[in-house]
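Common to both upcoming complexes is chain A, partnered first by chain B, then by chain C.
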Partner chain A sequence: MNPQSTETLLKFVRANTATANPITHQTDLIENEILDSLMLMDLVLFVEQTWGVQLMGSDFAPRNFRTVEQLAQLVETRRLAQSA
Partner chain B sequence: MNHDYCLAIRSLSKGAPYTDVDQPPWYGWEPQPLSEPTIAHRFLSICIKHADRIGMEDGRGSVSYRWLHCQASRLAQHLENHSDFEVGTHVGLCLPNSPEYVAAFFGIQLAGGVAVPIPHYQQGNRIQQQIEMTGLKLLIEEAKPQADKSMRDTLLVRLNATTVPPSCLQVRPMGRLAMLLFTSGSSGDPKAVMLSHQNILSNTQSITQVLPLAPTDRTLANMPFAHALGNSVMQSHILNGAGLIFSSDLLFPTALLNALETKQCTSLVAVPEVFDFLLRALGTDSLKSSSLRYMAVAGGRMDPGRAVQLANQISPAEFFVMYGQTEATARLACLPSQQIEQQSDTIGMPIPGVEFSIRNGHGASVDDGQVGTLFARGRNIMLGYWNDPEASHAVLRNGWLNTGDRAAKNPMGNYQICGRENGLVKIQGYRFHPNEVDAILVKLMPDIQLATVAYTDQGQTRLALFAHHPGNGQIDPAELRKICHRHLVRHMVPQLFQVLKNWPLNTAQKIDRAELTQRACQISLARPYNRSA
Partner chain C sequence: MKWPLQSKPASQLETPFFNLMYLHARGQGGPDPTIVWISELPWKPVSDFLAKINQSGDVMVGTTHLLIQAVGQALAIHPEFNRRVVGRNVHSFNDRNVCLATRLPGNNEVNLVLVAEADRKQIHEIAETVWHCQLAYRRQQDPVIRDRDRLRRLPGWFFRYSLRAFHWFEHLFPMPIFGRVDRFRNSPVLVNDFSQTRFPLMRGYKPSRMPDESKSLSVTLGPREQKVEWHDGQAVPVNVAPLCVRVDHRICDGFQLSQFVSTLIRLLAEPEKMQTAKEMESADNGLMNFENRKTA
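And now, the complex of A and B:
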């Protein structure tokens, strides 16, 4: 996993969240109610515009958005797929 | 029924504890001729007609119309016996979408009360403001097990009644007013729209004439019932004997698609944002559903191209574009599925019972094709705003509602919305004025001057917050963002934050909001995710 992607995503999530608890790359964004429909849409657009990838279909699943780490993994997978 | 359904009725007037009565005396329920049917009439006739039909389904199981009838009657009994209740009492309803909400709503109607849905997802101070402005005496909310013993002002009602007293088959006389529904005004303060029984029944009937809604329908009830569209979906389905399906985990479009299929839903009515996301999840695939009959978008403008795309991808299910306002109970116009391809940039025609008129600044009708202000008339138009005759008079004239939208009628007879007059914006189906954001924030940061403006980013309406410190003090945009997330409801949180050394001023020496909007668009284009900076 690219630590820079993780850090960029973490910065975005922290900047756009009101929660008082610290958010790490392994914080469960769904269980902690950090992810709502607007945040999800913003995260998708952020990922697409920052890394030039397009998320589609089955990408929109809890397994890819539950933590920043998982989302960073998805970013890497999509980047590799597009550059192949 | 083994599932646990429970509600709490909280008295909001101090020192008036509830006196529980196991065997309530049934007074005041004598059948009397009423000049007009009420929601309670319609509800009772549907419950009797469809008693064994599944009315609602959630993670706990399914409940029938018989269950709904029993529980609504039980709640009505409790209200009847409450010392704070009489016919016409405003009863708050602060619950998420659930069978309990529906039972409570119709229980209030059976008892002759006025239902006041309070969005449960708001901040506490906003809820308190709404309680005070509508003069609520009772609030129905989620039962908190730990509170039942200690709170004398709260009554827990278990929804486990298995019979309906004969007297509950009758409707008691009640007032014209059925409910108050909150919306935003241009001043930034919430307004409570007064809806009558006639308003709701009329709009429900009109909706069933344009949508293929049948008692066999099962809709995914994902819009909050405290929202005009969610309220309309709930009423149009229950008052037609159809089913409401609740699912708590619909955040991801894949989950929504999965729920539509596994729950065998026949319809989905939602705001444009939901369908935008659904399209992303579908990609270029067609929606494969064995049960879906139609979808309808309302509560905001959907990009015409996306509407056509979605209509094609869900075919043979139909797709409808609808237009409406809280002040019109919910819905005013509909573009049928057959016209989506050619007319997707319009809202279609007024639904049955609704009449449109486009007028110029002097109140005279304009010719077809000319842009003017859109007025609407019909039995679904509100009675007015609660306790606000001035605001009511400003939008209601001789039975016509000034929608505040600019529109034109095209040669096909369909109406096209060309913009808004009063600066209100709609995000996620919630209509509000950007000033509302400033009004909340300025109380928290009195030393800072703020201006929130709306702009468009990739077809979506977004908000930008500009800030200026008159004393040349420092403003941290990251801190501003945090404060917004902490104190504003999600759809009001700006996406873009910018600190200014000086305000751009117009010729009247006021903050030039048009210039700020332009700057927001430029910043957004240059740095699409300024939010993360």
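And now, the complex of A and C:
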């Protein structure tokens, strides 16, 4: 996993969330109700614009968006798939 | 071409007199046939359910999807809300479709998503439909975007008079669905989800009526907030979200609206039950009772 992608994503999530609790790359975004439908679309847009990858409908699974780390993993997978 | 409405309007003899007064009142500048009911939804059952369902599964489920499902099932239980006014008549819709208003980041356009037969769909199917449509809008791939752009390019006067002519026919006659742009007329309800905490506190919300008059009902979920309730003499903090329902008085009255709101809150307070065939069946029974009342 690219630590730079994780940091970039973490910065984005922190900047766009109004929660008082600290967010780390391991924070459960779903259980802590950080990730709502607007936030998810914001994230998809951000990922697509920043890394030039295209997320599919099948990527909208909880396992891919639960933590910033898992999202970074998804970005890496999509980047590798598109460059292959 | 699809005909969204049943051809036979509701009988005047069955229509409550108060509703008839609104129905036959003068149009522009006449009485405002709007009733708004603002209630509160306990948030814990919703968040618990979403946390549980998102533990596994192939698609993210959110409050929007749950709200759509609840509105679909509430329409099945209270079919008198699955109707709209055409001219001086009230017509029932053939299907129980739910329309969602969404707004995507970096785009000033409000996009509508139509979830067909929302009462019969499982929550994952609804979530898939909504994500798919939102992605298509986001990527400018939905043909509606091209249609809207074409319409925007029309000369102002032509657009204005075409729109007025369409609304005049639409207002007076049950019209079929012609294409992609007007397919959203095939639903009596518009759902708005503002439950995210990023929105300011909501004490009331009355969305405007759409010019085509197809949406006689609107359901809005506001941002959740914490309040204190007393349980056994002790102050307990609880999360609640405002639920605002606007309806056209020409199709129902305040009492019926209270029943509809109660059903909606009951469904959302027990989301697990909505997923079972039994609840869908009871929704069907509600429809059958309504049809029997009509024919009796």
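Quick note on the criterion: the second predicted complex is superposed on the first by the 84 of 84 C-alpha atoms of A that agree within 3 Å, B and C clash if a C-alpha of one lies under 4 Å from a C-alpha of the other, contacts with A are read in each partner's own complex, and residues count from 1 in each chain.
The rule is simple: a contact is a pair of C-beta atoms (placed from the backbone, for glycine too) under 8 Å apart; a residue touches a chain by one contact, two chains touch by 3 or more.
Nothing here was measured: the structure is a model prediction, and the numbers come from that model.
Enquirer: Output check: A:Q82 vs chain B and chain C. Expected answer is one of first, second, both, neither. What do you get?
Expert: Touch status of A:Q82: no partner.
Enquirer: Of the two partners chain B and chain C, which one touches more residues belonging to chain A?
Expert: B
Enquirer: Output check: A:A15 vs chain B and chain C. Expected answer is one of first, second, both, neither. What do you get?
Expert: first
Enquirer: Between chain B (first) and chain C (second), which does A:D42 come into contact with in this model arrangement: first, second, both, or neither?
Expert: both
Enquirer: Kindly classify A:E33 by the partners it touches after superposition: chain B alone (first), chain C alone (second), both, or neither?
Expert: In the superposition, A:E33 touches chain C alone.
Enquirer: Give one of first, second, both or neither to describe whether A:T50 is in contact with chain B, with chain C, with both, or with none.
Expert: So A:T50 only meets chain B here.
Enquirer: Figure out whether A:T24 sits in contact with chain B (first) or chain C (second), or with both, or with neither.
Expert: neither
Enquirer: Which chain A residues come up in both lists, the one for chain B and the one for chain C?
Expert: Touching chain B in the first complex and chain C in the second, residues 18, 30, 35-42, 44-45, 55, 57-58, 60-62, 65 of chain A appear in both lists.
Enquirer: Quick check on the complex: what are the chain C residues that touch chain A?
Expert: Touch residues, chain C against chain A: 47, 50-51, 54-60, 62-64, 102, 104-106, 127-128, 130-132, 134-135, 138, 193, 195-198.
Enquirer: Contact residues on chain A for chain C in the complex?
Expert: 18-19, 30-31, 33, 35-42, 44-45, 55, 57-58, 60-62, 65
Enquirer: Which residues of chain A touch chain B in the complex?
Expert: Going through chain A, the ones touching chain B are 8, 11-12, 15-18, 30, 35-42, 44-46, 49-50, 55-58, 60-62, 65.
Enquirer: Quick check on the complex: what are the chain B residues that touch chain A?
Expert: 251-255, 273-274, 276-277, 280-283, 285, 428, 458, 478, 481-482, 485-486, 490-491, 493, 495, 528-529, 531-533
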